[in-house]
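Across the two complexes that follow, chain A remains constant while its partner is chain B and subsequently chain C.
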Partner chain A sequence: MLITRVVCNRATKPDNFWKRRRVFKLTAHYYGRKRNCYSIAIKYLHRALAYVRKSRQLKKRDAIELWQQRISAGCRELGSSYEVLVRGMARCQIALDKKTLANLAIWEPRTFSSH
Partner chain B sequence: MSATKRVQQWATLSRMWYLFDAQWQDPFRSAQTLALYLTGQNKPIYHPLNDCGDHVVVINSKEVALRGDEWKKRVYFHHTGYPKGASWTLAWQLHEKDPTMVMRKAIFKAMASNLIRRTNMERLHIFPGSEIPEEIKGNISGQIRPVMPVPKRLTGYSKEEIDNFPKVFDYPNDYILR
Partner chain C sequence: MAALMFRNVLSKLSQLQISPIKSLRTNGINCTSPATYVLQAQAIEKCAIRMLRSAASNNFEGAKFNASQQTSVQPQQEVLENQHDLEIAITKETIEKVNSQIKSNSHGRLFAVIHFAGKQRRVTDGDLIMIEAAHPANVGDVIRAEKVLLLGSRDFTLLGRPLLRPDLVRVEATVVEKSLTHTKTVFRNRRRKNTRSFNFFRNHFSILRINCVRLEGLVDQRPEIEGVHGRIF
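Moving on to the complex of A and B:
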């Protein structure tokens, strides 16, 4: 059968099975209809991906906060404070980051006390 | 790992029992310090999911000192959940009822509001006087510094010390001391 170009354009779209399958793969671990029904699943997936994006920054912020708490705990053991340590290190031009300092406070308390 | 190193590790992970004398201390300022010990934030191994808080034994909570006229002005709110169940208690009234309550509430408020707050509060032992039960006294292994200096009363000085205190001037003979 010969169909004109206009009719060809109006024909039904190809099966969107593969597109849905991609979404369902990501929502496979959800509970209830969030997992099986596409229109519900896509809503929850968009929400989840937004959370993931946000928490990429939060993860870093939480880690920094934890290091600060650990360093200040180490300083308090020595009768000093976090601010004094940071200022003193800047003055002495010691470029150690918070992660390293927190690790020193835990694993190398004597090295930490020399700062 | 050598035997001494192994014991060092145990010491890191062990729970300490700290003594804190609340004699003439501001409960709200000392709560900031005590909350650190109860949650384990005084240790470099701290992690929010790590159960590393210490025990704190507070003595002389009857003798806490509030700033200014806070005994009259500070109000504690309680609601029973029923209609007309609200009640407002002044700090001095609460202190008369239970001398440990002002300190306990101050520390509870100083800790972050989360699910482990009540577990951490279980490690707090408050005593109104200076007597501690023997089983707790045996555990105590450290002391927390007072957050503010405890002043000495005039009655605390000996007669000799008072007489030897440097005098700036002499009162005239006709001066009436009241």
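Moving on to the complex of A and C:
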């Protein structure tokens, strides 16, 4: 059996195609060169992924603000205000949170007006 | 101060554990009917005094009083009659109306607000709810929701302060599915510093089907020893 000399070389450079393919799959819906050119796409992809992480907290903040607005609107329809409602509920030890209050204000107006 | 109290009550609710030996706090039940009857928890005299105070001076924390304003305005005085007996009569009437509806089962579809896995949900029969939490129940188990904050129907609502009695309300749910969510990415990048990290995570969730939301007793019938119903000793 012929045994050749051991080739003490480093591994060849990995194929960039697959690394870039992972990026292009995520940027397929972008506009223009941002979806086709790697060095441009990668910037926008990093930004988008960072937004994904940040928006998880922002979504909760936005939702709370929205609920508060809706409860306030419902209260003003009935002649009082959000602050009055919250203070009254704290005194009576009713522990409904903003999400359910907003829900009730929209879908159960009779219950909400009894508050 | 009121906002702090409110948040305190909310935070205590998520840590609330119902123990059989201690009796529950006295749950005053607020019932309403579609007419103008709204029950006040405090006596009407206190409300009247508060109204007079607010009418006399809008007292905000940062307000500065003008000495001349204070001395020149005469405090308004109104004589209010004691309407305590009237209030009690109205209370009894509404409770009777609610009880008659419960006895004849003519209240129709009931909805409840449940505190489950750290969140409050509004729930009726046949609802599917998703809970992002891991819990020991298996698929097909029937769970009973113990922290019921509110029960409502077409004509009346029962508000718990903060919870309703377990021998009054019953909310049952079956576990339909227990699995992991889709893969979520957490990508951290420091721009121009050549540091970035990719993290993937999936958390447990389960889907519950609400079997029933129902009333199991009359509104003013309270047991002699509270907090013991349905417990195994």
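Descriptive notes on the structure:
We take it that the second predicted complex is superposed on the first by the 104 of 115 C-alpha atoms of A that agree within 3 Å, B and C clash if a C-alpha of one lies under 4 Å from a C-alpha of the other, contacts with A are read in each partner's own complex, and residues count from 1 in each chain.
Operating definition for what follows: a residue touches a chain if its C-beta (ideal position, glycine included) is under 8 Å from a C-beta of that chain, and two chains touch if they have at least 3 such contacts.
Since this is a predicted model, take the numbers as computed values, not measurements.
After alignment on the shared chain A, the placement of chain B and chain C results in a side-by-side fit free of clashes. In the superposed pair of complexes, A:Glu108 makes contact with chain C only, with no contact to chain B. By the touch criterion defined above, A:Ile94 reaches chain C but does not reach chain B. For chain A, the partner touching the most residues, choosing from chain B and chain C, is C. Across the overlaid complexes, the C-alpha centre of chain A sees chain B and chain C at an angle of 70°, to the nearest 10. When the shared chain is aligned, no partner comes close enough to touch A:Val6: not chain B, not chain C. When the two complexes are laid on top of each other via chain A, the two nearest Cα atoms from chain B and chain C are 13 angstrom apart. Taken together, the two complexes place no residue of chain A in contact with both chain B and chain C. The part of chain B that touches chain A in the complex is made up of residues 36, 41-48. Residue ranges on chain A touching chain C, taken from their complex, read 46, 49-50, 52-53, 86-87, 89-97, 99-100, 103-104, 107-108, 110-111, 114-115.
For chain A in complex with chain B, the touching residues are 66, 69-71, 73-74, 76-77, 102, 105-106, 109, 112.
Those residues of chain C whose C-beta lies close enough to touch chain A in the complex are 2-3, 5-6, 9-10, 13, 30, 32, 34, 38, 41, 111, 113, 115, 119-122, 149-150, 152, 154, 157, 159-162, 185-189, 191, 196.
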